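So that you can tell them apart, the chains are marked A, B, C and D in the order they are listed, and the count of residues begins at 1 in each.
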């Protein structure tokens, strides 16, 4: 299965991104890693270009929310993205907040899976289960 | 009028600058209190200087933060600049500053120095009469530095490599070298008027498995680029590696080599100091544990013999620290420095020799590049991977070197890419690691190695 | 029946003991879980063991404290005994225990083990299945130790010198030696049944400017007195001196000499471990600072290479610590031990030589005393000042030696009294200090030296 | 002037006691130091025997209050102690308490000067001033 991944916005925290690439590979995904400092359009363009099944976005420096608000409008400009699985993870707010408030918010922005300060492997395990359920 | 002065006029003619009075600023620097110069503090204070991190948008909040720091017995005040100013976007900074002033909420992640201007900022700096260190991350810092020095900020952090490779993906490296050349020259010129302006390089880089040889080579190169322009007070720096012994070895080698290379270009009159950053990598989310880590960093800094320590807070893993958490670190660090006595003398000859050889090999390769000036040689060396910074997000970085921790948590090079360390050194590095493992286990080890402090 | 067994019968016939079943206790020790033996933990756990301090009067509260400790990832549980029990006043202890159980207020400053009895206490100890260390300060600990071992407590702290000179003014020293001889024998006998019972000496003494040579000599003598009786697992200990280097030197010398003297009496089969006490002197009242001090102690313990560390809490300067503060120290200490890596190898040959010579001179003087048995030799040596413990409140102590800190905060002997260190060593010690000062300044220095961590 | 000093009760914390002896000497007092582990009767006996002007008691381990309750009764058994200046200092409670509650309590027990967790020199300075005032 194909995954497009990267870190959204002006965020240059690259460490998690490198690890994500490695882990997705190890789990048998075909990975297209756009790296840090990637804007939303670039993500969707890459999804279309590679015909990816999954878009997995990271955000560490707190910028995610500002960008996420624009997802729905932007996504609607593309065709055939209805089956795209959208995942986001990392540190999803500036300062601190609980998952109880964060997860519904991001689901509302259009994400299927939301991982705020969740360990990478836990997150990817959940993703794989989600995909299994979905393809039943 | 010199070319530099013409460039300065253009830079300072920026619409966001309110009438830069060159003569008045020169006069101010000439007569400024010596206490404001960190170079003077290094000379006269017989202790490791303690400097926190921090910056707020409004004058009022920044003033309050400084007051807090001074009460916690700080030695050096930080001034961290907001990210719009770092990108030279003074218009947005201005708007966000006004919003921050009108509401009680901070709309910037630092102090927009250019918008506040030097006349205002100088009031704060001279009021506290402590040396201030400018922390930014700006590739084109020309206007920022002019404003800083005019304000009484006599230590400028950064450099063309250390503020670019960890902080940027696309900014052109060659431009960064030229903009920083301007900065060095301005610092050098002002240094003739009073105590020298201090320049400091940012040794932590990506704070993630960077091998000592790379860090030191970059520190030395930025030092040379600065000294070439006439800077007389320079600080090399690095951050806690994760191995006490490796830190101590790094400290010894960087001090020795900084002196050596400064002498090579006849700059023996330059004062070189060593700055140590408390752990810069991934922090534990448990705040009590974070404090243990911070304390241990302070102990190691003492063993390294650093002249200044830059602190973290118990809130590092969660978000921008409160001023209370920040001040607490300062007070605790000062206390620890006061009670830590009887430091042993530690020398690890073998490790020092290997590290020295590695750094010298990289330096030689840089010097041997066919370009005509040092900055171009360095530029080429980064591009061709002679210098390779693990986990740099920048497109120009080679990204071929792989490092891992050995059993004692020393960072070791297990794939050298184009970094020209000798076979002997490379074999030494690899001999410390268990390389019989399969790739998956090694990858798992790397992930583990990044999180060793968590 | 052996003389010892007869004495045991008398001791255990005490009216406060509810039918001591020798056979059953023997059986229990024989089949006890190996995890309960610290000697087994030393062998199998590849880390520095962490042990806090603490004791509460009621079973319920002690159980809660232990639970807290276990959750904080403790390695060794403490059981601190109340002061009535220490003075063998079981009647008062009984009354106060009942009052503590009936009301919610603690009427004892520790756990009255004899009154609780071994049947009850054993339930708690086997429940947690962690090794327990008995902390008391009792000159006549015969009944206490019998009860402890029957309960599953397989480490006994103390000794005739270390539990007397710092803790008592008038208790007769000769009696203490005889009572402890009983303790050693009982420990030795039980050691044959399963893993060995561990004995631990109390190296901190008065925790106030005690010079390393005195501490080590006393540790070695208590070790020899114990090994003579057949003990097979012994821990020597000392507490943070205030100088990192002096701690490291002490650690190296005590390890080397403990082995040496054990071999001299053909006890090479005995396991000797090293225990380090976090700073035992006057603590800072600022609790955040206290935590810095505690963390630094942990770092130094690692550099010393201790096998176990005994912790303090942030509340040391104010009063008996809460279980929360106590558990916090345990968790923090474990975290620090986990992240502290790459310890350098430190050897200070000159300091080690001087210290070794000093200790050997004292040991030789003790051995040369004309008395017939070791304990009588030691007794005489304390009485005549061959062994002299600064700031001991005990009337038998000679009190002629004067110590002071040098510029690196090493404790140095500036007046040797009757302690037989050689002229060469004495000159070395003095050469480190500024002795040109007048008496008043020296007295002020001593006051300052006691408060260095505040 | 003559001072009797020592640490009251079963308390064996001797460090402060040694320093107090030194400081009193340095300030010109004639010092009779009974050391640690000293009971009330011993203090008063020594005062009578030496004809001391001042009784300066230390307590560190929290025992002081238990003993202090008995001072008035005991003191009344001796003659000519009316001019005796009575001072106590150290750590005067088990656990923590504020000087506002401690000082009046101990004054009531019969002490002229009470120093809870007060530095030695500050305390002795106050004592000397107190003596000066008194002898005016």
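What we mean here is this: a contact is a pair of C-beta atoms (placed from the backbone, for glycine too) under 8 Å apart; a residue touches a chain by one contact, two chains touch by 3 or more.
Remember, predicted model here, so these are calculated numbers, not experimental data.
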{"item": "Where subunit A and subunit D overlap in contact partners, by chain label", "value": "none"}
{"item": "Chain centre separation (subunit B, subunit D; CA means) in Å", "value": "57"}
{"item": "Distance from subunit D to subunit C - Cα centre to Cα centre, in angstrom", "value": "32"}
{"item": "Distance between the centres, which are taken as Cα means, of subunit C and subunit B, whole angstrom", "value": "46"}
{"item": "Residues within subunit B bordering two or more other chains", "value": "none"}
{"item": "Contacts with two or more other chains, residues of subunit D listed in rising order", "value": "none"}
{"item": "Those chain pairs that satisfy the touch definition", "value": "A-B, B-C, C-D"}
{"item": "Subunit A partner contacts - residues on subunit B that touch it in the complex", "value": "83, 166-170, 206, 208, 282, 285, 318-320, 391-393, 440, 443, 447, 450"}
{"item": "Of all residues in subunit C, those that touch subunit B in their complex", "value": "241-248, 284, 286, 288-289, 291-293, 295-296, 299, 328, 331-332, 335-336, 339-346, 348, 408-410, 452-453"}
{"item": "Subunit B contact footprint on subunit A (complex, rising order)", "value": "10, 12, 14-15, 18-19, 22, 26, 35-37, 62, 94-96, 117"}
